[in-house]
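Just below sit the structures, each encoded as structure tokens.
There are two complexes below, and they share chain A, which is joined by chain B in the first and by chain C in the second.
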Partner chain A sequence: MSKEPVAVVGVGQTKHVAARRDVSIAGLVREAARRALDDAELGWADVDAVVIGKAPDFFEGVMMPELYLADALGAVGKPMLRVHTAGSVGGSTALVAANLVAARVHGTVLTLAFEKQSESNAMWGLSLPIPFQQPLLAGAGGFFAPHVRAYMRRSGAPDTVGSLVAYKDRRNALKNPYAHLHEHDITLEKVQASPMLWDPIRYSETCPSSDGACAMVLTDRVGAARAARPPAWMLGGAMRSEPTLFAGKDFVSPQAGKDCAADVYRQAGIADPRRDIDAVEMYAPFSWYEPMWLENLGFAAEGEGWKLTESGVTELDGDLPVNMSGGVLSTNPIGASGMIRFAEAALQVRGQAGEHQIDRARKVLGHAYGGGSQFFSMWLVGSEPPDA
Partner chain B sequence: MPEVLKAPLVVEFPFTRSLGPVQSAFLTGLRERVVLAVRTSDGRTLVPPVEYDPVTAEEIRDLVEVAPTGTVTTWAWNHAPRRDQPLGTPFAWVLVRLDGADTALLHALDAPGPDAVHTGMRVRVRWAEERTGAITDIACFERYEGSPDGGDPAEPTGHTGEFDDPVTGIVARARLEYTYSPGRAQTAYINALADRRNVGERCPSCRKVYVPPRGACPTCGVATSEQVEVGPRGTVTTFCIVNIKAAHTANLDIEVPYVYAHIALDGADLALHARIGGIPYDQVRMGLRVEPVWTEGARYPDHYRPTGEPDADYDTYKELV
Partner chain C sequence: MTRDLPVRDIAVVAFAQTDHRRTSEELSEVEMLMPVLHDVLAQTGLKTADIGFTCSGSSDYLAGRAFSFTLALDGVGAWPPISESHVEMDGAWALYEAWTKLLTGDADTALVYSYGKSSPGPLRDVLTRQLDPYCVAPLWPDSVALAALQAQALIDAGDTDEPALAAVAARSRADATANSHAQLRGSVPQGEYAVRPLRTGDCPPIGDGAAAVILAAGERARELCDRPAWIRGIDHRIEAHGLGVRDLTDSPSTRLAAEKAGSFERPVDTAELHAPFTSQEVVLRKALKLDAGVRVNPSGGALAANPVMAAGLIRIGEAAARIHRGESDRALAHATSGPCLQQNLVAVLEGDPR
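Right after this comes the complex of A and B.
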């Protein structure tokens, strides 16, 4: 028996900001969930199950927050489960929810991911002072910056590519009312003049810390037929993982990322992603990850990804727009960031992306990664249902 | 086999919490010696109050005051109170259904012993002397048999939950105590470092040498035991220049800018991370040959410095980047 096709019929997110002091965690997730249900024109009773994700518990210091969020998400008397795959969690959470529909376990599933970084301490939560170990922690930027340098060496990319990405993403964010950073006076010169934090990564090439939540309503063919607005159809979805560190690990282009993309393309019948996919919303917390992931995802040959960025192909009006929403570089509630990528892909193929809507968005890739470049989750959504 | 290292590990952090409208009213009420509940659309009264109806999922904001007196619905005796528990002497954990409420609140009951506690007993709130807008504003519950003069001082006043100067956030300390052990393989590594030697382990299957060793090969999934000394010299495979001080207290004594580098020790199959010194930060480069610099009594090299050898050719280390 073939899988049930999965449709996204509702998308909701909060206006992402540095601190939402007016709401509890329950109030925050509720806001996104309510908006997704409103978009789908559904009520709590129409939802069969809830699948929730967030970053590690220690970020906010609430152990298993899903337990107390059941009432806020209308999950009482229904299955509710939590997914946990570090920064990729928003993507994996959506995929677990999608698989429940594809397997015909449930007809309609609410999936949601959140983070309240203002009430959390990601640095502390991830970097406990372990006995006998040398304290050498330089934050997430310090972890990823050496890999950016390795990419620059390997590809011969000019130093300016990172700033081009940041300038593009921050301008895209101006068209997205939900984006955290709205830098109306952004210029390329300002990006290039911003301080080096972890050389070669500049301040303006780094993601912010955000409070926010994102939710989606996923449903089957029957649900999609009743949908108030055009659905996005899942054409392929996959997750892959690998160890943080091992002999032969390629941090610039991890094997798990390549394998994950290949699986999605196989499911969706994509022979040439550069030709067959219209746009990409990818998890790039530092600007240089755009060209790195373009190669890892097969949109460019190894060492060539930066040329797509430099020639304007990834601009909002380019041939392969990347991070139309403004990306993680403009909005980063960590646990929600993966789902925001997936949701943006869905909004684009539904024609619901508003001012940052691109033309001809028939197939769009949503991408997330997490941990030490070790967890990957991706989906490809389309404006037309998958071939039967 | 030498003894495996162990050490205490305490992690503690003050988390902030934004309360939202309902918890804000509840905790502000406690500060003002008022216990607030929420009323659901089907007429139930919930204490502690919740923001969303557990049955209908609807938002609930209808705050009502309940009495500071109530009835124990069940209990458990706590023989040995632990750090930060409500009372320092043995007490009962109780669920108390306050008069006017349909649900019970978890708290502590001050009682001389378990024989003095029973389900159905009447209790009242003992307010803390200093109240800040926290659940600890209820110091505990205590036995209550009604007021001697016949009047009931505990009658609620019909408070609506509107307060001047409401509490909107709290700080919740999280604290975990572990006994940490790095395990057999890392203990051997750490012990060898005491003699200023880098000893890793080779995978019997793929032959890769791991430093520090983890006791198993993450690629092949097999145990490792063959010890291999590597280094002390190595090659900088990649690096970044750190220009900001980490908020982490353990790093505060490192001056910025400094170079955080990945170093492939000679004979190792993946790089370890270390600081580079003895060279201006802006002259560090990929391929730089380095050696460890030890300080007296330290468990790890303080940093690595240039050996003066010619730089390694990129092709010799590119698989390790």
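Right after this comes the complex of A and C.
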């Protein structure tokens, strides 16, 4: 029994901004879906099923909004699935959709993820009022900053590494017309002088709060053969989860992330990710997560990830570009952020990334994580189909 | 009618559920779920580490907090890390996702669970938050009122009348006497009108509960269960959200899902229908072309216990359990979501010939 190869033949996203007051939630998702279909040169009738994902329903104040979005996404009369795996959801949603093709249940699937964060306040939405728990956390930064400090202590990384990541990602975003933040006057000094929010994370080292949607059209070999533009082929994909809190949990480099990457590399025949993978689009909502995930994903030895950042390896013209799109640091509609990572990986291997296209993008990793560094989803896409 | 059969035989090999109760305020969701997880694992002799894929269904809006499913994951014991996913849907759709995962060959076994605690909030009000947020939700039309619109449309069309609806209610609660998990059992008065033409007896009980199922593929299923309930087909479809553009007396999405699942190829002997309101059983019987010979909701159905987010998965579990016990050879299970049966899933389960 072999799986059907899965190809990405259409990618679409909205221009991500702080508040899309000009469109409804339905209007927002339809814009991204329409662009993905246009990219694939397909119509609504060509779609067999719709798989949609987003983070908590409280962000928009709509319970299970896929019910109301069925019409806007052309899903009436079709199967529609709604995935929610916290911050990793954009990636997980794409993988659930890919499974429908791989299992030969459907030929062509539209997958989409979104968040319209201007409908509420995401930071306080993420500050969970759990009974009997001390209300010490203000937003995700309050949760993750201690783990960044643990990484700095363990690795001995210089304090400046975080600002280098932010400076790079915000400059990459200037080449991406869909990115939320376009800081034309950014300098390293400005990043380093920005206010401290959650020590050691400064204002310019955190993600924005965005409205946005991202969509992809996934299809089988037959669909790929008809594709209007070069497809991206899925070479491996996996999800892994571990509990939020337990004695012995390594928040700096969670086992679930290592296991997830190992599964993807096994499927794709990757022996040495640093050598075999050309670029990485990873979910780094705070600057320091770039070096931390580089280690977790096997691109650097433990404690060495920051050296790749510091030496410029992860720059757009470096040997291992990271977050070519500008990353989560420049665009963060939470529910969509994972799918934007997956979609950027696909755009790169298709040669469709525009101004932020890198040379020689044959295999690119898309990465997402969520919850308390506990949910991971990843895929590796390539310009050539998997070995038959 | 020809239909591509699934490329891999996958079966429900174990099912467990809580006793569904009006309130479980002394239990957290994890505490409510744990015994059910232990039950299905014990039935098969599997441990968490033996499970190839785990998938759950639940709703943050019932829990009243974001990321509520993350706490449930602690109950699963996700260490070492597991391959896991979650849908913000009834557990029946989590089972569907797990079924596709097993079809790919990436896993041979799957644990599926779902849970819902309706007791902490006013459920009728909470469910209004599912509606079009711009044009409908601001009016707060509650779930009983919308079901009453559907019931009145059925009566106006001559498809049913109030005595027939009362008979559905009475049959369901009578059948539930044999179901120790059910919340409403035996003789339950039809009561006053909740929203005309629906009386309180036409409405489901509001309650808390959880359910879990284990799926297994091929020979693994036969090792784990004496008589696996093979999933011969499973499909789900959604309809337009706006009630004004739908014919509420019909359920074309149920019919299409049933057709894709192969339901009409041969008669079923049993049907577990997720019809929270008596009137919805009338709609579903018509869409599924069930004749009087089919045993409908021997468990008592959602009129006897309706833990939101789990009630659909329980229909699949109940249908499978009848096959496990040799009380059915071919059963249909149905799950629904959204106002007035907007989204529907149909699974056809079979036991090996006896």
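Definition applied: the second predicted complex is superposed on the first by the 379 of 388 C-alpha atoms of A that agree within 3 Å, B and C clash if a C-alpha of one lies under 4 Å from a C-alpha of the other, contacts with A are read in each partner's own complex, and residues count from 1 in each chain.
Here is the rule we use: a contact is a pair of C-beta atoms (placed from the backbone, for glycine too) under 8 Å apart; a residue touches a chain by one contact, two chains touch by 3 or more.
Not measured: the values here are computed from a predicted model.
In the superposed arrangement, does A:Asp71 touch chain B (first), chain C (second), both or neither?
In the superposition, A:Asp71 touches chain B and chain C alike.
Given the touch rule stated above, what does A:Arg82 touch, chain B (first), chain C (second), both, or neither?
second
So in the superposed three-chain picture, is A:Val313 touching just chain B, just chain C, both, or none of them (first/second/both/neither)?
Neither partner.
Figure out whether A:Arg20 sits in contact with chain B (first) or chain C (second), or with both, or with neither.
In the superposed model, A:Arg20 contacts chain B only, not chain C.
Is A:Ala262 contacted by the first partner chain B, the second partner chain C, both or neither?
Neither chain B nor chain C is touched by A:Ala262.
Check whether A:Pro243 is in contact with chain B, with chain C, with both or with neither, and answer first, second, both or neither.
both
After superposition on the shared chain, which partner residues are touched by A:Gly61: those of chain B (first), chain C (second), both, or neither?
Both partners.
Pick one for A:Arg154: touches chain B only (first), chain C only (second), both, or neither.
After superposing on A, A:Arg154 lies in contact with chain B but is clear of chain C.
Touching A:Leu197, do we find chain B (first), chain C (second), both, or neither?
first
What part of chain A is shared between its chain B contacts and its chain C contacts?
Comparing the two interfaces on chain A, one with chain B and one with chain C, the shared residues are 24, 58, 60-62, 70-71, 76, 125, 128-130, 243, 246.
Report the residues of chain A in contact with chain C in the complex, numbered from low to high.
Touching chain C: residues 1-3, 24-25, 55-65, 67-71, 75-86, 92, 95-96, 99-100, 102-105, 125-126, 128-130, 238-244, 246, 254-256, 259-260, 263, 371-372, 374-375 of chain A.
In the complex formed with chain A, which residues of chain C make contact?
Residues 4, 7-8, 54, 59-61, 65-67, 69-71, 73-74, 77-89, 93, 96-97, 100-101, 103-105, 126-127, 129-134, 137, 235-242, 252-253, 256, 337-339, 342-343 of chain C touch chain A in their complex.
Would you pull the chain A residues touching chain B in the complex into a rising list?
Against chain B, chain A makes touches at 20-24, 26-27, 30, 44, 58, 60-62, 70-74, 76, 116, 118-121, 123-125, 127-139, 141-142, 145-150, 153-154, 195-201, 243, 245-249, 251-252.
Contact residues on chain B for chain A in the complex?
Interface residues on chain B, with respect to chain A: 5, 7-9, 11, 13, 15-21, 23, 50-57, 59, 168-169, 172, 174, 180, 182, 186, 190, 203, 206, 208-210, 217-219, 237-244, 246-248, 250-251, 257, 260-262, 269-270, 273-275, 286, 299-300, 314, 318-319, 321.
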